[in-house]
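Read from first to last, the chains carry the letters A, B, C and D; within each, the first residue is number 1.
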Amino acid sequence: MELNLADTKKWIELFVEKVEANTSELNELDTAIGDGDHGSNMARGMAAVTDALAKKEPADLAELYKTVAFAMIQKVGGAPGPLYGTAFLDMSKKAKETTDLAELVQVGSDGLKRRGQSDVGMKTMIDVWQPVAESLKSNDLSKSVVENALNSTKDMVATKGRASYLEEKSKGHLDPGSQSSAYLFEALLEVLGE
Amino acid sequence: MKKIINKTEDIVPEMISGLVKANSDLVKQIEGTTAVVRNDSKFAEEKQVGVVSGGGSGHEPLHAGYVGDGMLSAAVAGEVFTSPTPDQIYEAIKAVDQGLGVLLIVKNYSGDVMNFDMAKEMAEADDIKIKSIVVNDDISVENSEFTQGKRGVAGTVLVEKIIGAAARSGMNLDDLANLGQKVIDSTKTVGIALHAATVPAVGHPGFELGDDEIEYGIGIHNERGYSVEKIQPSKELAHELIKKIMSEFSDRTGHFAVLINGMGATPLMEQYIFANDVLNELAADKISVGFSKVGNQVTSLDMQGISLTIMKADDDWIKMLKEPVTTIGW
Amino acid sequence: MKKIINKTEDIVPEMISGLVKANSDLVKQIEGTTAVVRNDSKFAEEKQVGVVSGGGSGHEPLHAGYVGDGMLSAAVAGEVFTSPTPDQIYEAIKAVDQGLGVLLIVKNYSGDVMNFDMAKEMAEADDIKIKSIVVNDDISVENSEFTQGKRGVAGTVLVEKIIGAAARSGMNLDDLANLGQKVIDSTKTVGIALHAATVPAVGHPGFELGDDEIEYGIGIHNERGYSVEKIQPSKELAHELIKKIMSEFSDRTGHFAVLINGMGATPLMEQYIFANDVLNELAADKISVGFSKVGNQVTSLDMQGISLTIMKADDDWIKMLKEPVTTIGW
Amino acid sequence: MELNLADTKKWIELFVEKVEANTSELNELDTAIGDGDHGSNMARGMAAVTDALAKKEPADLAELYKTVAFAMIQKVGGAPGPLYGTAFLDMSKKAKETTDLAELVQVGSDGLKRRGQSDVGMKTMIDVWQPVAESLKSNDLSKSVVENALNSTKDMVATKGRASYLEEKSKGHLDPGSQSSAYLFEALLEVLGE
């Protein structure tokens, strides 16, 4: 599956909207098992993305992803800045070779793993990115794939990120980064018209 | 929430701006960033490995308050409790590199580690010699394969002091990184909270404690600790923390350094009473304290609480801890 | 009330004991008292007029934190918010007199004035040359024949710094007393509280403020101020205090020194934001700030709040304010 | 009127009892217009007086008053240390010349004025000491003299001591130092058998 430049831009814009509409929900999730700022962090990033896209219309997919990546790296800080930033930066590089969405998302997920020194099952956003990448490959991404991926983080014990300090007590709560990533892929589904 | 601030989103830039304006003989701001760099006359004159630290804001005087001759070359301030971004760290690295390389002192939080790593990659692309050490002195969190590892807390300031002294004395980058790791491995901290901090953007305390309760093992970002208990007299608190920390040291000979650190809203009066109890108990246990310091060094906004750091210290380190520096906060 | 203390009646001796143990290279305790005196090597070697201050406890680091080369020779700690007794002050005077006399720096509270006066009478009986100056920088209380006069608050630390520098430089007792009086007359302070202090023996805050209220003009012992208002952004608070203070100075040429002082439970973050607003407004008003300092210098236990001190300063005074000292708290 | 050594000691002991029984009442009075510690200050002094008297039996009136004075000067601090201390010290000196109670109390009252740079009408303990001294001279000290003197402070505006910072707002409250002084002279009346 491919996504052209216009649709990819729409994807990002929808992502921005969703995060901005749910900033306090993300903060609340992060209050339970982190330091309560995931919404604020992401919102700062989304404002930067909007600014950057308004300043210069990206010429191609690679430039679009790079713009998103740089905005997030330079404005978010904390964990999600380098994580989303690396994912989108790696996608930008990959977009020079291919426009296949499944491949791009897989490269993004691999970027998360590299930057976060983490993998699936650690109660991080990778638990959403990786299943989504896989279902894109088999062409069956759906709302329920995203939902299930997100919900799977609820009963996990965090072993990376701030929530890991809580050890067993991190169980029973959704991972905030997985929720923001779920917004990203829900936005994608909307663009894909599903 | 009652705080002396303007808009929440302006907190960090305004704070850094105030700090720099009030101390322009010591530090200056790196344009377009919330990073500060040494501005004393010696900085330009004397060559040394650059020492850069930074992290989320809310722990003042850490880190900007430790920029100066004999401590940090630069410090980078992120948003409240949020790691600074790589581009800001990168600017700080460039501002202090004198060709001898730069050592990054990072507290062990995934955000900090990742942002500093990215900055390191950026600096490496410029052929700047660069290394980093990660401080993880908080023993209240188990260090296991199942966690991010131990958190970096108040011990960070002792690491910055020793590394700063060694860098000033002309130590090279590799040796500094090795020394830093040794110091980190010898430094152990546990903290207690009487009242949680209020993150300005959140507007209420991060957790609630009863009128007679304290929490052992809290972090410097409102991370919960290992147990909530009724408050005890200072002597008992000191005993509990000393017991917990000293069990980490198998060798109790030689000298130790002690830091009693206020979390932000705990008055010096209480810190000195606690220090008295700590130093009395250590003396009774025949532990030799070669260096001690009391005060608000690594705070957590308006948290009420205290932490105890004990370091098993080489004689050299004790000397380095005692060397005079020209910083705002040491 | 949750505090890190042992028995209420042991607070002051334990605090002083902790302070001295943690800083034995700088200060020592005068036996049988809660007074501390310089313990650095220079103290015995170099002759100068002794400078002694003191007062009730609860204002740490004032006064013991300012004992050292270039500031106080000794400091005497009373009970919480209660002047020390004459015999303790007398012991401190005797411990620092090197034959050149002793200057007492007293804050303007009737208890302090009377106890220091009695100590002075005792020292005079020993033929010790002795003078005293009374700091009364708090302009929020009217100075009229109907009051005890203005209170001594945060400006005290600037007086101690300048007098300490002048004494170190060899100034004689009479000149020191004259200089001190000039400095006092040029120093003006106003404070605000967001939350009152809790005196340990009392167990609850000295007064109550609403969730969105602050009080202008409070003292450092929970003395009420001149008005209770809704909290404003830091910029507005800065504007209000600057306006109030600058109206006391008819001559706005030359240099001014500025002290932004935290009251004990207000984090440095907020103090720097406030400092930024103060220094911006003074710059806009073309007031030249030759010296500025931000931090917890003269606190009021766990009071949340801040004070602003502005001094019209001779060039010499600015230099003296900037001279390095070896104290715990400056 | 004279008071022998034994009765004077009884006077002081009764004073100690009264202050210790009313420490928190004195703190409360001082909370209203001062810093809330007059009871604690006085209690510290009373404990010191008791200790000092237990350590060495005073040989004469002068020694007794001096013992009380030194105990208070050395242990109270704040305003009442020098005030009561000076009053009793001056009484001790005077007791070497005379044992007349009226003269002694007048000397004490004068000591307060000198030390405090104050006089009657300033809402301080002098407003109890001075009327008591005068009624002793005319031999008509009574409970109501003490009570009236104490109550007279209620409507005064303080012009000395910490309460003076309140200016007009100091009105409407009893002066704490006058209350502790009232205990002193109530104790005297009890010894005098009234």
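Quick note on the criterion: a contact is a pair of C-beta atoms (placed from the backbone, for glycine too) under 8 Å apart; a residue touches a chain by one contact, two chains touch by 3 or more.
The chain lineup, named per UniProt: A, D = phosphoenolpyruvate--glycerone phosphotransferase; B, C = Dihydroxyacetone kinase.
Note that the structure is predicted; figures quoted are calculated from it, not measured.
Chemist: So the centre of each chain is just the mean of its C-alpha atoms; given that, what is the distance between chain C (Dihydroxyacetone kinase) and chain D in Å?
Modeler: Chain centroid spacing, chain C (Dihydroxyacetone kinase) to chain D, equals 31 Å.
Chemist: Using Cα averages as centroids, what's the distance between chain B (Dihydroxyacetone kinase) and chain C (Dihydroxyacetone kinase) in whole Å?
Modeler: Going by mean C-alpha positions, chain B (Dihydroxyacetone kinase) sits 28 Å from chain C (Dihydroxyacetone kinase).
Chemist: Measure off the straight-line distance from the CA centroid of chain A to the CA centroid of chain C (Dihydroxyacetone kinase), and report it in whole Å.
Modeler: 54
Chemist: Graph shape for the chains shown, where an edge means the two chains touch. Line, ring, star, complete, or other?
Modeler: line
Chemist: Can you name every pair of chains that touch?
Modeler: Pairs satisfying the touch definition: A-B, B-C, C-D.
Chemist: Provide the residue numbers of chain B (Dihydroxyacetone kinase) that touch chain A in the complex, in ascending order.
Modeler: My answer: residues 56, 78-87, 109-111, 114-115, 117-118, 141-142, 145-148, 151, 199, 201-202, 206, 219, 221-224.
Chemist: What residues on chain D touch chain C (Dihydroxyacetone kinase), complex-wise?
Modeler: Residue positions touching the partner: 27, 31, 35-37, 40-41, 44, 73-79, 81-83, 85-86, 115-116, 157, 159-162, 164-167, 169.
Chemist: Going by the contact rule at the top, pick out the chain B (Dihydroxyacetone kinase) residues touching chain C (Dihydroxyacetone kinase) in the complex.
Modeler: Residues 2-7, 11, 14-19, 21-23, 25, 57-58, 60-61, 65, 194-195, 211-212, 214, 231, 233-235, 237, 258, 260, 264-277, 279-280, 292-294, 296, 299, 301-302, 304, 306, 322, 326 of chain B (Dihydroxyacetone kinase) touch chain C (Dihydroxyacetone kinase) in their complex.
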